[in-house]
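Two complexes are shown next, each including chain A; its partner changes from chain B in the first to chain C in the second.
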Partner chain A sequence: MSTNVGIVIVSHSPDVAKGAADMVRQMVGDDVPLAWCGGAPGGGLGTSVEAIMAAIDRAWSEAGVAILVDLGGAETNSEMAIEMLPDERRDRVVICNAPVVEGAVMAGTEASAGSPLEHVRRTAEELRAA
Partner chain B sequence: MNQATLRRLITGVAETVIAHAEELTALDQAIGDGDHGLNMKRGFEAVLAEVDKTAALPPADALQATGMALVMKVGGASGPLYGTLFMALGKAWPATLDRAGLADAFAAAIDAVKARGKSEAGMKTMLDVLTPLLAELRAGGDLARLRVAATTAAEATVPMKAIRGRASFLGDRSIGHMDPGARSSSLILHAIADVLEEQHVV
Partner chain C sequence: MSATAQSSVVIEHEVGLHARPSVKLTQLAKSFQSRIEIATAAEGPWIDAKSIVKVMGSKTPKGALLHVRAEGEDAETAVQAIVALVERDFETA
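Coming up: the complex of A and B.
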């Protein structure tokens, strides 16, 4: 298992989530655990708490997981998913307040350097000030 | 509350929301992303599918199971928001059901929704219906007055400017439309009142 922070991409659209994940993968290689999910339970645009929890599990790293979300429901459902995680994982997952594509690439780049979770989040969120 | 009433409450609320899915979606298309009706329909269809199991539970557990179904199946922000409302209501459900106990549980549920949505009343959300309903409940209002409070409160969101939720992206352009979440909260109250009146519970 990688010791680098994992990245999860959550979008209302599976196409957007997968596309963003492809970009991260191409730019940072295989050193970062990476998972994406998108679409409502049963299909259509939206997000699924269950799918987000599964994505966190796929991207799990002992260093924690940073989640990038697109719009409102993706954030609320991600918060819900984090709360439903086992105690020992809950405190090691954060949602980055950053644009989903750019944020994922920045977070992935930072994570690939072995930076801790808080640092990964800050790097993604610096985009907001730019 | 007996099992038949609980079952009617669950199915009544679910069927009402499902029947108004198009209206909720139309409201959401005006100021949101147009998925509120569809999402709520998907969530309450999941609730309906489980009703045999859920209605056999004690009310507190039935509320939590309903909330969990909404969390898992809605697909939008309204899933965690309504899911939290029902789950928190179940958690705080009084051992002996009376007005004060119900009001306290409802207050706890509203606080949980505020925390989940990082929101307060006055931001053009479902809280703008739930909060006046709590006040009416505490003031001793009967079903007729609760109905009026719900309808009036939902209509009162029309001139409001959205501060939270997708509608807040529109700023002043959110003014002039009823909030879809306020409307769905009002619909749920009316559905509950329909069942309680039909069952002569109150």
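Coming up: the complex of A and C.
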């Protein structure tokens, strides 16, 4: 299991989520646990709490997981997914207030160097001020 | 023991210091203990080479002379490694 912070990408569109994840893989490399989810359970645009929880599990690292989200529901469902995690994991998952694609690449780059979760989040969010 | 090192190299990469090259430079910089900074002019402004947001935000174009300086135990190795990365056009060693 990687000791680097994991990255989860949540979009209403599975294509966007997968595409953003591809960018992180190709640009940042394989040293970062990475998972994505997107789309409503029955097909079409949307996000689901269950799918987000499963993605967090796939990208899990003892160093924690940083989540990148696109619009409204992706954020509220991610918050709900975090609340439903076991106690020992809940405090190690954060949602980054950053654009989903750019934020994922920035967070992934920071995570690949072994930086702690709070530092990974700060780097993704630094984009807004840059 | 703390040391300082400095060098410069011309960026030949097609698109300059954009997304992918920036990620590689930052990742390499972060593998060293030293404080590492880059600039496109010797008088600065110098930016933290370990900050992906700042490196990518520098939008350093092709043909620019990139100055690299470091301070710390592995300063010399760090500067050499970063110059080598730019010289081999950001391809993985």
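Remarks
Note that the second predicted complex is superposed on the first by the 130 of 130 C-alpha atoms of A that agree within 3 Å, B and C clash if a C-alpha of one lies under 4 Å from a C-alpha of the other, contacts with A are read in each partner's own complex, and residues count from 1 in each chain.
Note that a contact is a pair of C-beta atoms (placed from the backbone, for glycine too) under 8 Å apart; a residue touches a chain by one contact, two chains touch by 3 or more.
This is a predicted model, so every value here is computed, not measured.
Under the clash rule set out above, the superposition-derived model of chain A with chain B and chain C shows the two partners fitting side by side.
In the superposed model, A:3 lies in contact with neither chain B nor chain C.
When the shared chain is aligned, chain C comes close enough to touch A:27, but chain B does not.
Of the two partner chains placed by the overlay, only chain B lies in contact with A:77; chain C stays clear of it. Chain A is touched at more residues by one of its partners, and among chain B and chain C that partner is B.
Of the two partner chains placed by superposition, only chain B is touched by A:46; chain C is not. With chain A used as the common frame, chain B approaches chain C to a shortest CA-CA distance of 26 Å.
Counting contacts as defined above, no chain A residue meets chain B in one complex and chain C in the other. Remark: chain B residues 33, 35, 38-39, 42, 71-81, 83-84, 116-117, 165-166 touch chain A in the complex.
By the touch rule above, chain C contacts chain A in their complex via residues 19-20, 23, 26-27, 30-31, 50-54, 56-57. The touching residues of chain A, when paired with chain B in their complex, are 39-42, 44-50, 71-73, 75-77, 79-80. Chain A meets chain C in the complex at residues 27-29, 105-106, 109-110, 112-115, 123, 126-127, 130.
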